[in-house]
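Two complexes follow with subunit A in common, the first pairing it with subunit B and the second with subunit C.
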Partner chain A sequence: MRRVTSTWLMSAVAVLAAVAAPLCMPVNIATEIAIYGIFALATYLLVGVAGLYSFGQAAFFGVGGYVAGYVFINTDVPLLAGLLLAAAGSAAAALVVGMMSIKRTGIYFMMLTFAFNQMIYYLAYSWRSVTGGEDGLGGIRRPDITIPGIGTLDLSQHLHFYVLAAVLFVAAFAALYQLMHSPLGLILNAARQNPRRTASLGYSVYRAQLLAFVIAGAASGVAGALFAMLYRIMPIDAISWTNSGTAVFMVIIGGMSSVFGPVIGAAVFIWLQGFFSLIWARWPLLFGVFIILVVLFLKGGVMELFERLRRLFTARASAKTEAAAPTVAGKEGGA
Partner chain B sequence: MTTGKKIDRRTVLKAGVAALGSSLSGISWAQSGDTLTMGVLSQQTGTFAYAGDLVLKGAKLAIEERQEAILGKKINLLVRDDEGKPAVGVRRLTEAVSSDKLRYFLGNFSSAVGLAELEVARQEQVIQYAAGGSEDFTGSRCSPYTFQWSAHAYTALRATLEYVSKTLPDKKKIYTITADYAFGQSLLHYTQVAAKELGLQLVGNDNHPSGERQFTQYFTKALSTKPDIICLLTAGADAVTAVRQFNSFGVKNVQIVGPWTLEVEQLRELSPAMRSGMILGLNYYQDIDTPVNKAFVERYLKAYKNVPSYAAAYGYDATRTLFLAMDKAKSVEVAAVMKALEGMQFDSIFGPTSIDARTHQTVRPYYVVQCKAPDAMKNEFDLATIVAQGDKPQPAELNECKRTV
Partner chain C sequence: MISLLAAQVLNGLAIGMIYALTAFGLSIIKGLLNVPNFAHGAFYALGAYVCYAALQLGLPFAVALLAAFLVPALVGAAVEKLGVARLMRGPYLYQLLFLFGVALVLEQLIIIIWGTSGLSATAPEWLQGAFDLGFTYLPKYLVFNGCMAAVTIAVVWLMIERTRLGSQIRAGIDKREMAQCLGINVAGLVTTGFALGAGLAGLSGGLVLPLLGANSTMGAEMLSIAFVVLVIGGLGSLYGALAAGILVGLIQSVSSVFAPAASTVLIYVAMVATLMIRPQGLFGER
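Now for the complex of A and B:
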């Protein structure tokens, strides 16, 4: 019961953040943060919860993007069907990759996911008739969505599209939070810390990890589909391994201590890159310094900064209370 | 906690507010009505950052020429780094349109980046003056909001091979070595078309992956077919590597031809002896004998102590063309300028130039140059001689643009 309540509470925070985002920044940046938020959450499920360092998530992001792009260009399927197809396509790809990768651990798992990512990248690169090859898959439409009783979201408008991305982001956030505290989440957590002991308790670590891999694949696919719709093109570099690295970076920058970490990481990563590139042409130098600072001084990512600030403020507050107390007592004593 | 005692809360708050303030000041969220925002979205970081810098240099000259204003509006030139990646390009463009009210832009001449930005330009209704090598800009992906500065691949191949067949009538057998991506394949397609028209024989082709280090196997295979010409349908660093390795073969009777293969920047990476005698196709060369180009080269030399090349000429000429269209339209509104550009006839750095109203292809000449022998060079910039030019447009039946005007 407490878990469900806390899911609602956490989701409410996510909703507040989603509502505030377009007021604080250009709506397209907010949309991309929501999309990459979903992508980072999916990566967090693997990296942070299951301890599976996947460097292949861009492959599923890409499959989702291409599936959605292809159906929205060539057919009249409604939005939700297109998104479901994208999720299903990515989940299927993740199932195949997961079945072959999860049996290896550590660096071998990392290399396998990386290799599959590269294979899928080159498949997309050469399958020009479907993916547009190097030039990307252009002309992707954004079908309108009708919500009974509320009205129609005209997704060609940026703000409406943001609403869709934000709703899916909040749903992904709530689902991940719920999943982390579900039996599956607990098994994954236990398996991350001690796979042998978990297995000896009778849980199938492989099945749990494979399920997490497929779920993360499907969520990455939805993120990819939204990305393709946002810019109306699925560019080939969105499927490259560097995009996988970006998702892992987001998780690390944000921090792995809580489910907010990847989201904060996605927001900081996207916003900061844009900001640095505005102030100096050689901006990667600034970005590099930022990453070094985070890794050296904030091992728990940006989330740790928040935690330290919170502690700093509580420390000050309690110090004040402590300092104030004797004075009051003195006054009382003097009275 | 020790840090709690060292750092004052007020300091933290002040630092936070200062950081937020400085970050907001970096982004112009709105602009007044008497400003027109144009942009150069190109690669400012990474391997081809040099090209992005040159596009910017060219565009700046065109803006300075107008005293940084057009029709009473001050020109605000934005520079954004697309990192040479399509996904980043679309992101930066969308940001610039929504935050800075960007209306016109030019930039990367990677087709992949340009074509991705084409979709955003169409959606956001802003004008793109592109310079990629892909025929899709004015073909299958043609858009009301996109104009193409570079010559069409057909024009390029036709001009280059026509010169070859005229001056070297005995050389009929061509072997092609093609970069295995959209650009290379498009050049190969038009090599086949032009060769057929000119009665040249294609005796073989090899596709090589991007970033190829070893070309000797292709040359060994090519030379076994006894070709008269080896046509390099590749670009950039790959082309430089290919020419260097071909030189080590010491073959004398095979002519190297490179339509759209080596720009001036890459030519300088080869020793004069290596490039001597090569026949190249170029979108731009500094010696083009027109009044607009002469004035441009002079101003460019004065400003940057160098001669302009493809990228700089694109930056300058595309920006200048947009200004001419604004003059013609007497407006800086996108719809009016778009209409003015369609079918516009004007004097560009290439001399008399026009823009195809339907496809938005700039109809301009393509240049064939022959690289000079080391002792014929007058100075370090004097790399080649323009030997021919051609402006034969793409045959209408090969154009895939669905637009009707």
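Now for the complex of A and C:
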């Protein structure tokens, strides 16, 4: 019961953030944050919850983007069907990659996901007739959605498209939160900490991890599809290993301690990217330096920064009360 | 057809030796740190560009190759000392991300210094021309390239198998704590190993410069090839890196005759096929 309430509470926070976002920043930036928020949440499910250090998530982001792009360019399917197809394509790719990789653990798993990422990259690179090769897949349309009784969402308008992305983001957020506290989430958590003991309790670690991998793949695919629709082009760069690293980095920079971490990470990253790319064409250099600094000096990410600030202020506050009324503070400290 | 095929086989052997050399360096670093080096491709590209710069300065080719080894080795030592070593205690994800950041920085620095357009350099005069084998021609540079890679691999191998430093490195790879207890300076050893691995990647870059030129995407390409070579060969096996490197070079080179479009993807197909039959790689244990 408490879990269900807290899911509602957390989702309410996510909804509030989603409503506030376009008021604080350009709509397209807010949309990209929502999209990368979904991507980072999916990566967090693997890296943070399941302890599967995947460096190949861009592959599923890419498959989703290409499937949606191809379908929306060449057919008349409605939006929802296109998104479902993208999710299904990515899930299928994730199933194959997961089956090949998950039995290998640790570094081996990471290297395999990376290598499969590159495989799909070069596949997209060489399959020009479908993917557009290095030019990317351009001219992707954004079909309208009609909700009976409410009206039509005209996605060619940026704000309407943001609403779609934000709704999907909140749904992904609530789903991940619910999943983390479901039996599957608990098995994943246990398997991350001690796979052997979890297996000996009778749970199939492999099946749980494969399921998580497929779910994360499908969600990454939806993010990729939205990304392709946002820019109306699916660039080949979106599949490159750098994008996989970005997803992992978003999780780290936000902090792995809670579901809010990856979302904050995505927001900080997209915002910084916009800022860096405005001042310098060689912004990945600044991004690289930023990664190095965070990894060296702020391992807990932004969440840790909040925590440190909070401690700093509470320390100051308690020092003040102590100076003002030492006996009371002393009593409180003792109790 | 026969002569074309023979030429591609020879070409594949030469490129395969380069792959083996690069994967060799990656394997040493992976063994010491238990972390794959995401900056490996950047060191490889750095080697090629340093070699190019040295040739532009009018330095002899041998000196340029030496620089292609030394500069990435020094950069590698600094990267290890200043970053990777500090992250030794935490989860390896942080080391991975650190190296990812280093790769981005190096890649962009190379673009800032040398631009995005491809550069090329010619081999020195004594390496130009080709031997006539009757059924095909064998470019002299291919022979040199293959021999240099083979000699370097042999030297590093002997160093690891026969010298005191080598046995310390092996001890550091197998039982880090025990090596430490025996008074081996493991921290210094890891720095040396990292520098050696980065240097080997750089040397590979220098060697391919006259063959393939230098361009801004070469690092990312080589990184994924080296990963594939390691996965096919089996992690931790130096034999595996050698055999799989040559195999991947041959697959790529020969397939480019029959299916040019598929040749980049075929090595990944080879990787998947290997994993289906032997999940631990060709020479891997476990």
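Note that in this section the second predicted complex is superposed on the first by the 288 of 335 C-alpha atoms of A that agree within 3 Å, B and C clash if a C-alpha of one lies under 4 Å from a C-alpha of the other, contacts with A are read in each partner's own complex, and residues count from 1 in each chain.
In this text, a contact is a pair of C-beta atoms (placed from the backbone, for glycine too) under 8 Å apart; a residue touches a chain by one contact, two chains touch by 3 or more.
This structure is a prediction, so every number in the text was calculated from the model and none was measured.
Judged by the touch definition given at the top, the superposed model places A:V248 against subunit C, while subunit B stays out of reach. In the superposition on chain A, A:Q118 contacts subunit C only, with no contact to subunit B. With both structures placed on the common chain, the touch criterion links A:F55 to subunit C but leaves subunit B unconnected.
Of the two partner chains placed by the overlay, subunit B and subunit C both lie in contact with A:R282.
In the overlay built on the shared chain, the residue A:Q157 is in contact with neither subunit B nor subunit C.
Of the two partner chains, neither subunit B nor subunit C is touched by A:S182. In the superposition on chain A, the residues of subunit A touched by subunit B in one structure and by subunit C in the other are 282, 284. By the touch criterion given at the top, residues 30, 34-36, 38, 83, 86-87, 90, 92-94, 96-98, 100-105, 107-109, 111-112, 220, 223-224, 227-228, 230-231, 235, 261-262, 264-265, 268, 271-272, 275, 279 of subunit C touch subunit A in their complex.
Subunit A makes touch with subunit B in their complex at residues 26-29, 32, 128, 133-136, 138-140, 156, 158, 227, 231-233, 235-238, 243, 274-275, 277-279, 281-284, 308-309, 311-313, 315-316, 319. Those residues of subunit B that touch subunit A in the complex are listed here as 1, 3-4, 7, 9, 12, 23, 26-27, 44-45, 79-81, 85-88, 90-92, 94-95, 98-99, 111-112, 115-116, 118-120, 123, 134, 136, 141, 181-183.
Residue ranges on subunit A touching subunit C, taken from their complex, read 47, 53, 55, 100, 103-104, 107-108, 110-112, 114-116, 118-119, 122-123, 125-126, 240-242, 245, 248-249, 252, 282, 284-285, 287-292, 295-296, 299.
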